[in-house]
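Dropping the structures in below, format is structure tokens.
Next come two complexes built around subunit A: one with subunit B, the other with subunit C.
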Partner chain A sequence: MKITFPHMGTSWIGFKTLIEGIGHEVVLPPPPTKRTLDLGTKYAPEFACLPFKVLLGTYLEAIELGADTIISSGGVGPCRAGYYTQLQKRILQEQLGHDVRVITFEPLNRNWVGTYRIFRDLIRVNLREFIGLLWLTWQKLLALDAIERESHRVRPLEVNTGSTSRVVSKAFADIDKADSVKKVKDVTRDNLEKMNSLPQDAHRHPLKVGVIGEIYVVLEPFVNLDVVETLGHMGVYVHRSIFLTDWTIENTVLDAFRVEGEMNIKKAARPYLPEMIGGHGQNSIGETILYAKKGYDGVVQLAPFTCIPEIVAKSIIPKVSRDYNLPVLTLMLDEQTGKAGISTRLEAFVDLLAMRRVRLGGEIA
Partner chain B sequence: MTARVGVPRSLAYYAFYPQWKTYLEELGTEVVLSPPTTKDIIDQGIKYTVTDACIPIKVFHGHVAALIGQVDYILIPRLVSIDGDATLCPKFLGLSDMIKASIQGIPPLLTPRLDIRDGRFAPMKAWLRVAKKLGAGRQKAWLAYRKAVQVGQYYEALLANHMLPSEAMLAADKWRASWPKKRPLSLAEARSGIASAKASKTPMEATATSRQVQLAVVGYPYMLYDDYVTCGLLTNLKSLGANILTPEMVPAKCRKAQAKKQPKYLFWHYSNQVIRATYHFFEEKMIDGLIHVTAFGCGPDAMVDKLLELDCRKQNRLPYLSLCLDEHTGVAGVMTRLEAFVDMLVRRKGDLR
Partner chain C sequence: MNAYLGVDVGSVSTNFVLMDEQGKLLDSLYIRTKGQPIQAIQAGLKALEKQVPPSLNVLGAGATGSARQLTGVIIGADIVKNEITAHAVAAMHCVPDVQTVLEIGGQDSKLIIIRDGVVVDFAMNTVCSAGTGSFLDHQAARLGIPIEEFGKLALQSKQPVRIAGRCSVFAESDMVHKQQMGHKTPDIIAGLCDALVRNYLNNVGKGKSIAAPLVFQGGVAANQGIRHAFEKELGVPVIIPEDFGVMGALGMAILAKENRAQGKKTSFRGFGASELRFATRSFECNGCPNQCEIVEIRQDETVLARWGDRCHKWQNTTRGEAAS
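The block that comes next holds the complex of A and B.
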């Protein structure tokens, strides 16, 4: 089997390790480009959300590269993501006539048996090796997140623009190559040190901005047009609300045991939106409030065009923003959104935040 | 003074108004319904919503705004799950929260949370809490609830008998006045005495009878039956010579029976109903063509529309028209497309004979 999977931020480094480890050839999902999106847009329904289109495009490109099996995750709603693969499968097979197998992992707590069957089918190593592999994959994912998190802190302080991003790319390559947990830990430590010893300007007090929104557009730099890095280069400290490993613990691991995660966020959101509405809708409200309480200067909400939960959130956020006196910029992303437009809007927003901080008696540089 | 409770004439109104009205009136309140959708209402709605919202949500905001100043409460139930399986579209789940955040100066909202997954009696308990808020006693509330449920069931039965919501609401009202007399089930009987009963034929039969085609028009009730939003779609189709079937005309039991054909259920109640009704039409070979009425930017419909398209293709390439409506849709444009589609169906039917 030649297996491919969705491309989401840096997570491919982890999944590659896992799938190769259990004995299959991996067709790496190519990082999305304009062409990916064009392909996806051509065959996806017009109002499908952006992640749907990008993923469909990614699958088509991976099929061109020889993939014959797609592994993806399912879900239970109430949002569309859980139905993605169902429909993508029909588009690929019925409409485009591709002979691909599509394997969907449904959430554990609904389907232990099904998950077990899929695993039995896929795994060509013994249980001990498999558990070892899972651990290695997890460590890699943790390492990737640790690097990114640190880069958000260092980037606004860097003296030489771009130096942080260079270390980050190197670190990702190192983690990709590492073949044992120990090596993963070593290269991560080294790269974190390197990042910390980059020339930094300790006198800056960067603006602090929280980035919230739908998981795919928050995690995939191509889709959000590098919002996080762009803000960093503007001298802004960015706190990204979602990291894949945190999200996995809160939503997959806990869910498997029927424990509800992210209670603090949900609790914060309750006065404005007491209902779970799927996607990250409720989180977007809750996180905005928590950022306000932590003294952040502003929040950027990222949402795909037609994203249902984020539209609900967007309708409510202006009130939250008024009540907590915290500026929020909502960016609705679709296939026509251009990087230049986003940069302009971010610049204007950052200027506004800077003026606001000065007015409130704070300092920046 | 009796409390006045406003009900916006949109979204869940089309499925539940008779039930809600019965309940509220039996509790001794006065029910005020917002007027039918107009350009004015839509413009108000646009003012209060984000640009990305779908047209039904905009329309709903407009209807809420139209009630301000006329009522003491506005009823916006939080419909979470009514079939115990799927939920409603996330925009329904956060409906009252959006309203509260975007419209200033609205009267207090009544937002019973209706989630049958919490137990068979959960909706009833939610409604009883509404009664308490309105100051009605427990026993009165319980009787009102019982009656409301029966009226609601009757209303559904009428819809399944090919009545349009506007007509069925009148008939349900009439029966309620004579409650608990046995409910008239034959259509003619149900219709006798309702003001709008004119002809003997069922309302969805073609008015131009020379060239009949059987057409299913599927979509969410709040789209299909809002004449302003659809630019009079159903009436126009009838005058073009089409007999029309809608999802509500398929009895709930038959819709449910089709569920097994879905490899995975959709997550949204009304979307499932659209798909299942369509499968019912397929199975019974009832239709010559399918029209899907959908709202610009509707999230669930992006999925539903593609599924229907692929399914029609599997049904021997059954003609399929997807009609996407928004606040700028003009009557002329829609008419042209409908005419072309119906003409094609007539021709195709002739060829097949």
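The block that comes next holds the complex of A and C.
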């Protein structure tokens, strides 16, 4: 089988290891570009959200590159993204006539038997080897997240703009190449050291901004027009609310044991939004409150255009923002969104936060 | 005499302001950008040079607008800022206790919330440009009314008709429909003003706490019909500063003055920059799969600046370097 999967941030490095390990050829999903989005927009329903369009475009590009199998995930609903793979499957197979197999992983505890059948079908190695591969994949995902986390801390302090991002690219390439858990740990340690020894200005007190929102647009830099990196280059420390490994533990591993994850976030959100409304709607409220309590200067909410959970959150956030006295900037992302408009808003938001901090008696540089 | 220069290069107009040490406006200039920012900037510098006394000494310069980065390089700005900050600074300069700024320009509209002299919230129109200057221009031309008269006509209306203002395409077809039904032009124009203000408040103003004193600026502030509709809808008086059309540029002149006060020497090229030969080109970087489109600005054979690269490798290696 020639397998492809959604492109979401750096996670492809982990998935590639796993799928190659169990005995299949991987067709790497190309990083989304303007063309990916054009392709997706052409065949997607007009009011589907941005992730639907980008993923559909990615699948079409991967099919051009020879993929015959797509692996994606379902969801825990009520967000309609849980059904997107089904719709994409129909568009690809029935509307466009592609001879492609689509495999959907549903959350474990809702579908143990189905998940077992998929694995039995896919895995060409013995159980011991498979567990080893899962461990290596997990270590790679952890390493990727560790590199990104550290880059968010170092970037606003860097003396030579862009130096952090260059180490980050190198680290990702190294982790991709590493073929054992030991090598993954070695290259991660080396690159973290390299990042830390970059020339830094310790006198800066960067503004602290939390980035919240829907998981796909938060994790995929192409779709959010590099919000995290752009803020970093403006001298802002960014805390991204979602990392794939944390999310996996909270939503897949705990869920499999019927334990509800992200309890602290949901608890914080409850006075404003007591219901799980799907996607990351409730999280966006809860995380905003937690950032306020941790003394952050501001929050940026990333929402795909027409994303219902984030629209609900957006209309509640002004109240949270007033109650906790924390500025929040909402960026609605769709195929029309231009980088210039995003930069103008981010620059203005950073100016606002800087003036506000000085007014509150703090310092920045 | 000492002065500070502010330049605001937007999609529709290019504005210049010269301000003296006391914060008084010495001169201002408004020209159409016509999609040629470099030519517009140079034409503006040339025109200003003719208007000002030769003894004028520019101590600082600032740039804003959607072409702020480019403008900064061409004029040698000391400070480059986004439009929201520039507009807020200018509004606070004219009305120190301002709490809300409504700004409607050629292609975008903004709402800025200020409390105790600090911007606390803002919004910009996202996908919709209904109600901005270009749309009003277009409608005035379609009705055969000079844009200067357009707003005044709205004030003559006793019974504004209801126009769908959600989207400029629907607004236009609704206006045509109302004309064909036989409604009077002033009623239609007044209805359009009401619709556009409703649209602005629903889109840009959603969830924002709009409070007086309230300043209305940007090119559309010249339209009395829109101003009247805002007052009717919000129930508070709307203040229109004298220099409403060039507030972004004024904000940058003020910021340039503040920048100078910190003891920094200006890098302004002088009005003679209108004679220099600037050229831009763009190319795709093949250094990695991102394939960024790099823009390069040159003056004769010298590269002044490059941008567009995500990794900053081109940006970091430009000033003064000879073009290869």
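Note that in this section the second predicted complex is superposed on the first by the 365 of 365 C-alpha atoms of A that agree within 3 Å, B and C clash if a C-alpha of one lies under 4 Å from a C-alpha of the other, contacts with A are read in each partner's own complex, and residues count from 1 in each chain.
Keep this in mind: a contact is a pair of C-beta atoms (placed from the backbone, for glycine too) under 8 Å apart; a residue touches a chain by one contact, two chains touch by 3 or more.
Keep in mind the model is a prediction, meaning the values are calculated, not measured.
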{"item": "Partners on subunit A (subunit B, subunit C) - clash or fit", "value": "fit"}
{"item": "Touching partner for A:I249 - first (subunit B), second (subunit C), both, neither", "value": "neither"}
{"item": "Subunit B versus subunit C as contact partner of A:S315, first or second or both or neither", "value": "both"}
{"item": "Which of subunit B and subunit C A:E347 touches, first, second, both or neither", "value": "second"}
{"item": "Which superposed partner A:I118 touches (first subunit B, second subunit C, both, neither)", "value": "neither"}
{"item": "Touched partner set for A:H233, first subunit B, second subunit C, both or neither", "value": "second"}
{"item": "Partner, of subunit C and subunit B, that touches more residues belonging to subunit A", "value": "B"}
{"item": "Which of subunit B and subunit C A:R356 touches, first, second, both or neither", "value": "second"}
{"item": "First (subunit B), second (subunit C), both or neither touched by A:M332", "value": "both"}
{"item": "Subunit B versus subunit C as contact partner of A:C79, first or second or both or neither", "value": "first"}
{"item": "Vertex subunit A, arms to subunit B and subunit C (CA centres, degrees, nearest 10)", "value": "80"}
{"item": "Closest Cα approach, subunit C to subunit B, once both complexes are overlaid on chain A (Å)", "value": "5"}
{"item": "Set intersection of subunit A contacts, subunit C complex versus subunit B complex", "value": "305, 315, 318, 332"}
{"item": "Residue ranges of subunit A in contact with subunit B within the complex", "value": "44-49, 52, 74, 76-80, 82-83, 86-87, 90-91, 94-95, 272-279, 281, 305-309, 311-312, 314-316, 318-320, 332"}
{"item": "Complex interface listing, subunit B residues touching subunit A", "value": "49-50, 52-53, 78, 80, 86-91, 93-94, 97-98, 100-102, 113, 263-264, 266-268, 296-303, 305-307, 310, 313-314"}
{"item": "Complex contacts: residues of subunit C adjacent to subunit A", "value": "66, 81-85, 116, 118-122, 124, 126-127, 207-208, 288-291, 310-313, 315-316"}
{"item": "Contact footprint of subunit C on subunit A as seen in their complex", "value": "31, 33, 160-162, 165-166, 169, 226, 229, 233, 305, 315, 318, 327, 332, 334, 336, 340-341, 343-345, 347-349, 351-352, 355-356, 359"}
